[in-house]
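Here you go, one structure.
The letters A, B, C and D name the chains in turn, as written, and every chain counts its residues from 1.
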Amino acid sequence: MGRTQKLMSAREAVSHWVGDRCESLAVGGMHMHNNPMALIREIIRQGKKIKRLITSPSADINADLLIGAGLVEEILTAYVGFEHLGLAPNFRRAVETKSMRLLECDEPFIVYGLQAGAGGLPFIPYPKGLELNDLHKINPEMYRFTTDPYTGDEVMTAAPIKPSVALVHCQEADPYGNALFKGSEFTDRQMVMAADTVIIQAEKIVPDLARKYGSTKVNVPGFLVSAVVEAPYGCHPTSSHGYYTFDEAHLKEYIKACKTPETFAAYLQHYVTGIPEEEYAGRIGTERLQALSKRGESE
Amino acid sequence: MSEKTYSTAELMACVMSRHLQDGEVAIMGAVSMIPMAACRMAQETHAPNLYYIAGGSGAVNPHLEPLVFSSCDDENLRSDAAMALPDVILLEGHGKRLDVFFGGGLQIDKYGNCNLVCIGDWDKPALRGPGTVGLPFLPRAGRVVIYTTSHNARTLVEKVDFNSGPGFLDGPEGWAAKGLPGNGPALVVTPLCAMDFDEKSKIMRLKSVHPGVTVEQVVENTGFKLIVPEHVPTTPEPTETELKALRQIDPTGVARNLI
Amino acid sequence: MSEKTYSTAELMACVMSRHLQDGEVAIMGAVSMIPMAACRMAQETHAPNLYYIAGGSGAVNPHLEPLVFSSCDDENLRSDAAMALPDVILLEGHGKRLDVFFGGGLQIDKYGNCNLVCIGDWDKPALRGPGTVGLPFLPRAGRVVIYTTSHNARTLVEKVDFNSGPGFLDGPEGWAAKGLPGNGPALVVTPLCAMDFDEKSKIMRLKSVHPGVTVEQVVENTGFKLIVPEHVPTTPEPTETELKALRQIDPTGVARNLI
Amino acid sequence: MGRTQKLMSAREAVSHWVGDRCESLAVGGMHMHNNPMALIREIIRQGKKIKRLITSPSADINADLLIGAGLVEEILTAYVGFEHLGLAPNFRRAVETKSMRLLECDEPFIVYGLQAGAGGLPFIPYPKGLELNDLHKINPEMYRFTTDPYTGDEVMTAAPIKPSVALVHCQEADPYGNALFKGSEFTDRQMVMAADTVIIQAEKIVPDLARKYGSTKVNVPGFLVSAVVEAPYGCHPTSSHGYYTFDEAHLKEYIKACKTPETFAAYLQHYVTGIPEEEYAGRIGTERLQALSKRGESE
């Protein structure tokens, strides 16, 4: 008997593993790095509705594009922005016009919440002082208080986060779903550990990953992964740590395109809905992508 | 038993291996040479998609050619993947990640509760054991497979002196009321026999006696009233395929020579 | 200002750098080109044992030659060490690990509270910002250094519309009552001046005006009643050593060209 | 100005950083692997009393030797044993004769507790079902109960663990305390993150560790480390992952020596108190140590 491979195309993976109205979808990557854009574009092509979008502590185009495409009913996030390039246009508009419900939280909420979700922990209590901001006032459903049984103090808590599906970019994976991050892991591995279903996109499929890097580097175990999608340049226009940097010009073009419904529709048509994912790299251009590639590996 | 072409430990590994299903995830802790051999064997025979985690090392699917003694040996890290121990602890707590958890103890009682802590009162123990380690996670694993290399009335007892690895607790009512994610103990493997648990009473039940062992021997060496069905089959001997796989995994007899 | 041999951003980096002590540990989040330049500069000048952590990347002491824009860039990983983000979150919560936490916001109020969430009511914001990220940890850092590239009355306000990064809260009584591990905001660096906080009232106080800036300009551009001491010195210009270090770290002007 | 190095001898490190009655001492390593034996032997030489010894979820000779030397007033542990070699003789005797106080806990208590200690969290609540064993009955001080504010259920909690000193073996370190684990990390890194003072012993001092391995592999940051001790074969008779395996014959000799006070005293004199740490490797024998070394690196 042979082992069952989990390799499939972005289309197959999203079609098979993401419901038409996904209860909660976690998207990996942080700021303009490691965003699983190949899978996110496929979510848009297939028009999958997202009841709740869950982001890493700092989301970027991964969240903004889904919001712009009108697929997100509510978002649990601590930050959506484009770092030095400015605010996130679709996120900002959707919040200001109330076309999307916002479950506002902070960075530790996401980290603690995923940790609790991954570990079956009922909640995580905050360190003292983290209740001094205004978040719990506007999100009392998620931020609750209980008693510290060791001191008797009242402490704020973070609720567990258990995404129904997580989309995560790993630099390399084997056909069975074992995978690794070449640079920073951000909260991606926590998403993998907390989610019911995990789809990994990878720059490269490497049959003998553990022999190449040592098993301790391969810290996403295949049994947590439902599907593996080979997606070279699949983070574009964001970076893939150790492979290529982000495409600043494209991100600026995106932000500009978000200014009017017409220009955003044209962006979507040109880069997402008008082509299958396999044609995306060609649309960006091989030379341009190669120019983004790292000179050497950063580690 | 002198004519046997296999050791008791090897037969125990076969019983465990046969219990594991393709696609499942299993985990084990310290002193787990037999369960580790069983998992590797299952992968080589009927369950190529079985995953198993070697306890404290965090190794996922150690290649183990050959098998080693320690669950935390770096030889285990010749594996498909590896997780840091705190992440393994998260997996163990999750409630839906692990299909099979291998457990055991100085004492095992009729409800499958395990004790690795002490014989006698905790406060003035007749024998102090090593400690509970990860056994408290048993109620959150899909199924628990219990094993011991000593089938006698001191090990298999009416009630554990200290409950460090909960089985069916004090019986079906208490257990059901807890609404736990796990399904409790499923299989007990000893040098004499295999046992499972009666669906209703949750009491340990003889499932098969190993070749050459009688039902009476088992009953005599068990410290509580074991459920004995009318017909008790003999544990099937290791097949050639099984033995071949086992000996490829364990050429030096790390598991084989245990009993 | 046309004759200056340095940019305002460079002067701000110098002010921050001088504040950092040898042997301390500093941390910063997104859009932190100036603080990152300041930390590297401090290491190259008076604080070789300073440690700094580049936010989400988890990188400890990025070598940053040259400086990059994004706090999560993999270029940061050319560093002494790197931690996974969940471990950085543990550090931030510990209470005694971080000496300096760089913060900021769309609004900063007279008690040093920061707001990265929204202008106006949270429920119907006039402007929606990106979100709080890690600012809630400010009360657990040794000292908070606040910076902004916009010194005006819309940014420096009487009271933040939303408190996402607590400073001295509503003033000294409330703050003291909390018994927090951190000492609160210590320094504010803007394109016009440096400010600290009055020991008693915990209200922001002018510390030095940058060369070419008048006290009146600062007061006019501040949306609350700033404490202005009788004598306000001018911020010392960057020394040659400082500028040399800065430009080695930031040859392309990633920080320099900001303002 | 130059950077300050943290390199010192085992004697200096223990003398300078460990109090004569150490409030709580955490010792790294798990089972017969990565035990920081060079530092532990030095603790014994200097007769440092340990008010509370804190172990990883599975301690071995690291704890047993300190207990045998009569230095441990109380121990917080989930397991002390020699795995396939049997029970831990001094631990067993000290508990059975009540010459040492036992704070009994389970593996998750140590992991959760160190996590809480590292992160300033007031406690960690357990997953449901982990209160069904008998531990909280005999250790109610540490295992307490509070209310899950999301369900109203009563949940068991683990108290934070904040060792005053942690002794940890890393395979390689730089002179500033940045360090890495070549194989398994066990709970060693959590001890580093939770402790007030950390002493690292390392097989090898490597000046440019991050360049050699990539910074993400160097996940013990130097600012958490107070002293670095070069200690080749410093885990003997336990293994050092990626460097050498455990010395089974020596461990058996140790267990045998523990049978009587006289033989144990002779063991201590011969291997610990009678020699400075620098002479330990010589006492074991170079050939024997080399025979324990790995053929190649396991990763």
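Please note the rule applied: a contact is a pair of C-beta atoms (placed from the backbone, for glycine too) under 8 Å apart; a residue touches a chain by one contact, two chains touch by 3 or more.
Only a predicted model underlies this, so the values are computations on that prediction, with no experimental measurement involved.
Visitor: Considering A-C alongside A-B, which chain pair is linked by more C-beta pairs in contact?
Guide: Between the two chain pairs, A-C has more contacting C-beta pairs.
Visitor: Distance from the CA centroid of subunit A to that of subunit B, rounded to the nearest Å?
Guide: Using C-alpha averages as centres, the distance is 39 Å.
Visitor: Hey, how far is the Cα centre of subunit B from the one of subunit D, in Å?
Guide: 28
Visitor: Could you state the distance in Å from the CA-based centre of subunit B to that of subunit C?
Guide: The answer is 57 Å.
Visitor: Touching two or more other chains, which residues of subunit B qualify?
Guide: If we look for residues of subunit B contacting two or more partner chains, we find 58-59, 77-78, 82, 84, 89, 93-95, 140, 181.
Visitor: Going by the touch rule set out above, which residues of subunit A reach two or more other chains?
Guide: Only 115, 119-121, 126-128, 183-184, 189, 210, 214-216, 298-299 qualify.
Visitor: Can you identify all of the chain pairs that touch?
Guide: Chain pairs that touch: A-B, A-C, A-D, B-D, C-D.
Visitor: What residues on subunit D touch subunit B, complex-wise?
Guide: 30-33, 57-58, 77-81, 83-84, 87-88, 91-92, 95-96, 98, 104-108, 111-112, 115, 126-130, 132-135, 138, 182-187, 189-190, 239, 241-242, 245-246, 294, 298-299
Visitor: Write out the stretch or stretches of subunit C touching subunit D in their complex.
Guide: The touching residues are 22-23, 25, 45-49, 51, 53, 58-60, 77-84, 87, 89-91, 93-95, 97, 140, 181.
Visitor: How about subunit D: which of its residues touch subunit A in the complex?
Guide: The contact residues of subunit D facing subunit A are 119-128, 144-151, 153, 155, 157, 159-160, 181, 183-184, 210, 214-217, 298-299.
Visitor: Within the complex, which stretch of subunit B touches subunit D?
Guide: So the residues of subunit B touching subunit D come out as 30-31, 33, 56-59, 69-75, 77-78, 82, 84-86, 89, 92-95, 116-117, 122-125, 127-137, 139-140, 162-166, 169, 178-182.
Visitor: Would you pull the subunit D residues touching subunit C in the complex into a rising list?
Guide: The contact residues of subunit D facing subunit C are 1-4, 115, 118-121, 174, 176, 178, 189, 193, 210, 214-216, 218-224.
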